[in-house]
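In this document, chain identifiers A, B, C and D correspond to the written order of the chains, with residue numbering beginning at 1 in each.
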Amino acid sequence: MDLSVSIGSLRLANPLIAASGCFGYGVEYADIVDLSSLGAVAVKGLFLAEREGHPPPRIVETPSGMLNAIGLQGIGVRRFVAEKLPELRERRAVVFVNICGSTIDEYGEIARVLSDHEGVAAIELNISCPNIKEGGITFGCSLTGTHAVVSAVRKVTRLPVIPKLTPNVTDVASFARAAEEAGADAVSLVNTFLAMAIDVHTRRPRLSNIVGGLSGPAIRPIAVRMVYECRQVVRLPIIGIGGIASAEDVLEFMIAGATAVQVGTASFVDPFIWTKLLDGLRTYMARHGIDRLADVTGTIDTSKREQAWISS
Amino acid sequence: MPVDVDAAVISNTRLSEDYCVVALSAPAIAALARPGQFVMVKPARGTDPLLRRPFSIFEVLRDKAGAPAGISLLNKRVGTGTRLLYDLEAGARVACLGPLGRPFEPVDPPARAWMIAGGVGLAPFLTLGEALSARGTDTTLFYGARTASELYCVDRFERAGIRVFLTTEDGGRGGKGFVTAAVQGQLDLTPSGEPVHLYACGPTPMMRAAAAVAASYGRPCDVSLEQVMGCGLGGCYSCVVPVWDDAKPHFERSCIDGPVFDASRIAWEALAH
Amino acid sequence: MDLSVSIGSLRLANPLIAASGCFGYGVEYADIVDLSSLGAVAVKGLFLAEREGHPPPRIVETPSGMLNAIGLQGIGVRRFVAEKLPELRERRAVVFVNICGSTIDEYGEIARVLSDHEGVAAIELNISCPNIKEGGITFGCSLTGTHAVVSAVRKVTRLPVIPKLTPNVTDVASFARAAEEAGADAVSLVNTFLAMAIDVHTRRPRLSNIVGGLSGPAIRPIAVRMVYECRQVVRLPIIGIGGIASAEDVLEFMIAGATAVQVGTASFVDPFIWTKLLDGLRTYMARHGIDRLADVTGTIDTSKREQAWISS
Amino acid sequence: MPVDVDAAVISNTRLSEDYCVVALSAPAIAALARPGQFVMVKPARGTDPLLRRPFSIFEVLRDKAGAPAGISLLNKRVGTGTRLLYDLEAGARVACLGPLGRPFEPVDPPARAWMIAGGVGLAPFLTLGEALSARGTDTTLFYGARTASELYCVDRFERAGIRVFLTTEDGGRGGKGFVTAAVQGQLDLTPSGEPVHLYACGPTPMMRAAAAVAASYGRPCDVSLEQVMGCGLGGCYSCVVPVWDDAKPHFERSCIDGPVFDASRIAWEALAH
């Protein structure tokens, strides 16, 4: 059985990628997860500089989901390449570096730093973090902003460039198209949904940042729809993200049009989820006589709208 | 290296309307557990609630041959997850990941150990107390609650050879007032040349007070902080606490850099609650 | 204790409104719910003409939510006023009629029919149904469309006009403002999120309509955020909707800025929810010494961002 | 008028790996229940799963004095909710709303009643059979399953004075083949002047076949359809089935206009599955 998938020139052993911000810098998990067994590891979003992020409370649970407003605490790209990348290479992890800038130049600058180092497989452009004011989602919510960031990074690196799209827009497919036109190698979607929760007794927001990003199974049906919509419009590989917690969820995204997927929140609940997902995918392939998992991508069957007999 | 065990509930002893001790069959976790470490427990299958909850390892249970067989949790009902744990019956199963986190380091004689517990902050101290006793360290538990009926498992500590000093806010049992005031009183009676190591766990204001007392008496103090945790493994950065790092404030992850911290490193004025 | 709230000139006994499409025409519930005990009843979305809606499967459950693609099956506005309205009046229900048109003229036409009949308290403009191709959401996803529909209806009726906004947009507050400028008396938000689910074994969509609308507790944190955002921008009363299942949820929306709320999916799970919600609101008011529930609206306290001590 | 009961589980009898009979204490529902009606059961508290599930009322349970005390459900494990019901232990509680829906109308003698059940479609027929027996109507149950081990509660029907005719697809017990073929065989042997009323419940293809047989032999037939239901009360329009209405196709809500329908009204070619 062949579980490998291709994102442009990049070949991943399987479609499972640890989602950015949900797997630290990868090294935290090195003792319990064989990092080389994952399709890839998307490390925590990095700015050029170190950041402390938002004060706690940073997360709050919601029905079948959670809000986070971490605020991109991080060690900055230079410390990352110095302190984390060597161990990741040693562990033979396929590393996607998720990057965030306050300006277009900053995205370019970070991409340049990363391109100078061995061991980075792809750059994921976080233009969709709902938790920070400057940069990020400002680009992700405007077509020209998206195009500009992708183009700028495209110019300075040969690494695959994968913008990560926000679901907080009217027409996500148009953003996928803008990314494609600007030279992206793939798109990741979705990042979290801007959301909030209030303690009714104190009348104060439950997150210090007031608003945060909703992730987890709750958002899965919306994310699947967005992947499906983008699939109609772009030819780029799509990395599907949002609430994946089982092999069936992985397959749902792939059938909708995803080439690979990322798993975030569910890996908090079960850090050993990866082998279970791989087992589940193999079981499915065996049951349905599928040799190459990649063949599943985009095979949704919308041909027969049964009983379209009574017109609506 | 933590393991995830689909642990069978051996027993669930209700101590009151709010507190219970849940004994779980989890040899692999029991074998690795060190004092002050915690586990992440999934209160129910499915997505409601979604995330695991952190619990200190209260006891390491042993089989007749003395081999580690399981752990128990001292659970206080405060919300959805802790209610589900309270309602668990023997035979049920819960996913339990651990042991996790930086443990308490037990001090050796001649240093004496004073453990300061507020409410359910008692949980990490039984294993610590046993470890201290085992190395011959003179160990006292200062344990405070609001009322006498909220003091639990005291005999369990006494049996482990631990001196127990109780306080209640209403004076119903032991000294009247806050537990940290009692600690301060005892420190007043203790020559500064006699080494005493403080360990504290409880509500944040209590730990902050303990840290202040420790600082003003020049005593080392370790605290075990309670932050909301998403993953317990360093992956999500949800559980951070503000610490001083070269006089610069900095957020550290309490799941892997803690939950036990040197109290003097914590930027208490910035800690949530 | 005063639980009443005001939507413009309309005074509701309490803030609880049965959400459109989740309470039939109201009459279905007359035996088990005292319709006059609700703040209002929003009846199922009506076109001018009868419609059969989409073939089943029309719903599918998702984590803490459900998708629906009913396709606005309905008896049309004329049969509604003839067959349902009289009983609703008899039961002393405060009736919000949710209407949907394929064209702006159709909205106006329906509004005219309703204005000719006693017993309609308000017109809710469904410009946000994600399940039908023609009309509806086409208007709801464009600022000019929203403005045009509201203006057109505003011209032909004296009844309160309440456009119901879709959450499937980048900036919902700008739509609330467009509605306000066009003369709306209030806005309802949110309708459902466009979403989908796929059966991985057949690779076919689980809904006959392929996509459907996500409702239920899963969406609550996003809906609360949208109410909060709109509150910053418009002075109109806001009717908060999305995943409300407890008195605390009602209060969360009110504190975020809602004057009233609608309950949909949760009333499927518990058709007797209304008295429980009212009891819960009274308990809260007693506990916090609140005399007028309306005073809670918009009282979110964002003043003290505790420990904003470490800059992010 | 339906009521919502926080019903205690009296017992849960596992009949196999998949089937069980859950007895619920629910006097208020039991008192109102009519044959073929259903209840909406919430399989677990909280939001996972979120919606209630529809179940036929299998038995009306009576106390020693004969007063209605509860109901039982014949539950087949097919997914999350039915698995949770299968796992329920006595003493647990489940919210149960009912009775709901349009019941079967039992025919009177001299008409004979033939009930046709496929799989878990057996559920509505015990109460119907008892109602028929009570009015002296000659009643037969045609009951089909894939294999002998999937035939349940046959003696329960026999004790109620109902003639039972079994089929299995593999011929392991009773007639070999589909249950509707057996019905057709019996109709062949029945003079057309003898009134026979058919009642069918089971997988959609089976009911469709039953409807076709009924139509070709000119026999009246009522079917109880199984649609996914959101509310059970007519509020959501999720549960519709296509019916002929003045030769025009039309969607009717199976929760309030059904689940029992005159088979000849159903537009079978358009029904899901």
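Everything below uses one rule, namely that a contact is a pair of C-beta atoms (placed from the backbone, for glycine too) under 8 Å apart; a residue touches a chain by one contact, two chains touch by 3 or more.
Every value quoted in this text rests on a predicted model; they were computed, and no experiment measured them.
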item: Most remote chain, CA-based centroid, reference being chain C; value: B
item: Of B-C and C-D, pair with higher C-beta contact tally; value: C-D
item: Chain C-chain D separation of Cα centroids, rounded to whole Å; value: 36
item: Approximate Å spacing (C-alpha centroids) for the pair chain B, chain D; value: 55
item: Centre-to-centre distance between chain C and chain B (centres being mean Cα positions), rounded to whole Å; value: 47
item: Chain centre separation (chain A, chain C; CA means) in Å; value: 32
item: Residues of chain D engaged with two or more neighbouring chains; value: 47-49, 242, 249-251, 270, 272
item: Per-residue multi-chain contacts in chain A, two or more chains; value: 52-53, 55-56, 63-65, 73, 208, 216-218, 306-307, 309-310
item: Contact graph of the chains (line, ring, star, complete, other); value: complete
item: Residues on chain D engaged by chain C in the complex (per definition of touch); value: 1-2, 4, 42, 47-52, 95, 97, 227-228, 230-231, 233-242, 249-251, 256, 270, 272
item: Chain C to chain D touching residues, read off their complex; value: 21-24, 28-29, 31-32, 44, 52-53, 55-61, 63-66, 68, 70, 73, 208, 216-218, 245, 265, 267-272
item: Parts of chain A lying in touch with chain D, wherever the complex brings them together; value: 63-64, 306-307, 309-310
item: List of chain A residues in touch with chain C within their complex; value: 51-56, 62-65, 67, 71-73, 132, 141, 168-170, 193-198, 200-205, 208-211, 214, 216-222, 224-225, 228, 243, 248, 251-252, 255-256, 284, 288, 299-302, 304-312
item: Complex contact set, residues of chain D against chain B; value: 44, 46-49, 80
